[in-house]
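Heads up, the next two complexes both have subunit A, just with different partners, subunit B and then subunit C.
Coming up: the complex of A and B.
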């Protein structure tokens, strides 16, 4: 693996290697010194064309725990807001000696463009491109599922995962569908028909329009954020109706099997797709997802940058 | 690949393990405050065996764990990424303890250096000692073993192959001469 652009490119053995590495790296968080010298002298650039707090600081924390130098480059207040092209930005980063670039961009395919150009030589990690993919989020979700429901080992064979909400705009859903399928889980997408993308029938998952029916046998329920900022048309009649049909409230949560966990990639719209009492419930693992995100990103940085130059 | 006369058989390995156990106890005047940490992979079962032998002699449990050094190596960029192994610190803390690092072969000393860095990330031991099954010479760094199962004179290009029941099915040490077959 030279870049991490899409979970479609990741084989099962690569995915398991990332999860296993993350599991070992998680131990470092319990030690007196929470830092490893592994990437000393290497530079990681966080190139964020789109607002993000948690993903950027998660990557930053991961890189720093591996002793890499981190440069944060965000669109606001930089030459990017003056209209510099992706190419010129990339050439600048190359000239500064970036060993890896973590990129978030509002255009689907931006990470792919960067990786397949000869603008930069380092590893490219996709931290979210438009409505396309967000592979490290899917990996940390898979890690969290494995940790809670599979004792932190092996694949996710036979695990029943229900992903609910705005699939149309969700790169998290796309990356999860491919990765979970690779790891052997059974995925069901639940969404209003207006929030499902064209061609979803070809994805390796089931589609349902009835949340109450889908969650009865679920091991995992993953609620997606309703992305108002990407919606330029009316996708559902009202927030209230959406919430009633596709939101996870307390009565609905009680129909889940006892062992089932509730996930959300954040940031949450409390009261919209997820009720506040559900977000704070014992079976909600939303904060574990955040913690595990650092471990997963450390594993990805180590596996892409730790060894011999390709 | 014919085994040379220097190689160790399973009973040689057993005797070396028992002797190292006695030497550790003698030098540290008992097993108080001692922790054995094996370096993956083959140092881990060796540490367990030495600890078991010490437990037998002292009549009390001697803790043994594992210390992965993969992330601390200085040759990371010269090789493909290595898979990580579990680190197991008995009791969770090594601060104030005497740690005996256990490895199968001592060669350049770089693994031991990485292990000492890894240890400092896990706490502040009172003292660190080193036990190896085979010392084959050719150090790159100023590092010396406190307990040696067997000194094996080698040339730099020779290959020392250690196999253990737990990891490989049989106990043996073979010296494969460079250029020979």
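Coming up: the complex of A and C.
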């Protein structure tokens, strides 16, 4: 693997290698000195065209624990809003000697553009591109599922994962569907029909419009963030109606099997897609996801950059 | 006095053709002249007529000018092009269309017939002075807000009615605006996977359905730009069977390329309407063969490098088309046996000239007719390169592809604009 752009490109053995590496690197977090010398002298650029403090600091923590130098480049306003172009930004980073670029961008495919151009030579890691993909999020989700439900070992064969919410605009959902399928899990997407993309029937997953029916046998329920502006575009009539039909509240949570876990990629709209009591419940692993995000990003940086000498 | 030796008019038997004083003077065997062009059995066509060209002047001379665009047209075998109205300023007054027309005359590479905007500033709010443009030196007969749909049904009805007074035609860019807000590519399985906002086929088909009914109701001529879906073909088939006076065009890129190319995220493949599915491609090819789609029009859309070298969503819509059009039609229609050369002449010269009311183009290859001619060798294989582009821009989607057939020569009223596969350089008049 030279870049990490999409979970569609990741084979099962590559995915397992990332998860296993992350598990080893996680042990570093328990030491008094949380740092490895692996990427000393190497430079990781966090190129964020879109605000995302949580993803950026997660990558930053991961790179620093591997002793890489980190440059945070917050390019608010891409060529979409008449700022500097993606090309010129990339050429600038190349001239500064970036060994890897972590890119977050509001345009789908921006990471692909960077990786497939000759603007930049280092590894490109997609940290979220528009409504396309967010592969490290899917990897940390898989890690979290494996950790809680499979003793941190092997694939996710036969695991029932229910993903609920705005699939149409969700890069998290796309990356999860491809990766979970690769790892052998059975995925069900639950959403109002307006928030499912055309062609979703061809995806390797089941589709349901009925959350109550879908969660009865779930091992994992993953709630997606629903943005309020979707309401204004008539994707659904009101926040309350959405919440009633597709929100995870306490009564719904009680119909889950005892071992099932609740996940959310954050940031949450408490009271909208997830009730506060559910978010704070014992079976909620939302903060574990955040912790595991650092391990996964360490593993990805290590595997993409570790092969070369500084 | 020029003699074209061993050429096959409309792909028929080999003859010699003598051109004198801008007209075809003689057709026969063993003709002699001062200038002899050896055809080696190449196909002789009436000079091609493009009903849909973006020349970008005035306003975006960094992307194309009337001169560079008509030079590209000549290399592609065209002798007349219709220059779309979405310039800056918009071609919505007699002054602008006359300027564009005059620039074409001065360049001398192809006759430029300006298209007038239907509405002021392409705004879709009120009619531009269509009559003034029709009465100007530019003699505008085709009106279009191309790039924008005339989506207001009442305004469209009025436009269709109004241009009857001077035998005009409204060329509709069929795109329901609300269904395509932010649209980036064909809506289908792939758009969902790629996370690019979809441009559904129904947004094109709904407008075509409405407009053929409007055209029937008011008894006007309607032309549909760049038809791209199988559903549009069905509506057009129905409309024509009812005798509605609707004509339609398909672009070379919609005859050849599919939406799968969007998976590269390379905006060289970003175009409006978007590249569609393989079944849509099959449908528009068959429709062109059947005459349900009347003509091929290039939608030649030059763009500066920086408008394509960026992320998909930020990039401009459009691709070059003039220089590759005939080779693509050869590849997609002639070689598979869907069209013969007489039908190619119809779809790319006779019919577009008729829709645009361009009287001295699209004429038969016969003695006494204006010598607007294209000599095309359908056999040679070439790999398209951005360096081949005579256009000021380089945004060809065919770069690296193998195409068959090259334009050997083009004559505009007997004057060669292309000879030996190369542009003829001449001082502007």
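To be clear about the criterion, the second predicted complex is superposed on the first by the 296 of 310 C-alpha atoms of A that agree within 3 Å, B and C clash if a C-alpha of one lies under 4 Å from a C-alpha of the other, contacts with A are read in each partner's own complex, and residues count from 1 in each chain.
The rule is simple: a contact is a pair of C-beta atoms (placed from the backbone, for glycine too) under 8 Å apart; a residue touches a chain by one contact, two chains touch by 3 or more.
Note that the coordinates shown come from a computational prediction; the quantities given were computed from them, not determined experimentally.
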Does subunit B (first) or subunit C (second) touch A:32, or do both, or does neither?
first
Mind working out whether A:146 is in touch with subunit B, subunit C, both or neither, as first, second, both or neither?
neither
Have a look at where A:303 lands relative to subunit B and subunit C in the superposition and call it first, second, both or neither.
first
Which of the two partners, first being subunit B and second being subunit C, lies in contact with A:20: first, second, both, or neither?
first
Counting only touches as set out at the top, which of subunit B and subunit C does A:264 meet: first, second, both, neither?
neither
Is A:174 touching anything from subunit B or subunit C once the two structures are fitted on A? First, second, both or neither.
second
Max touched-residue count on subunit A (subunit B vs subunit C) belongs to chain C
Of all residues in subunit A, those that touch subunit B in their complex
17, 20-21, 24-25, 27-28, 30-33, 35-38, 66, 302-303, 306-309
Would you tell me which residues of subunit B are touching subunit A in their complex?
68, 71-72, 76-87, 92, 95, 117, 120-123
Under the definition above, what is the set of subunit A residues touching subunit C in their complex?
8, 78-80, 85-87, 105-110, 112-113, 116, 129-133, 168, 171, 174, 197-200, 202-203
In the complex formed with subunit A, which residues of subunit C make contact?
184, 187-198, 200, 264-266, 306, 309-314
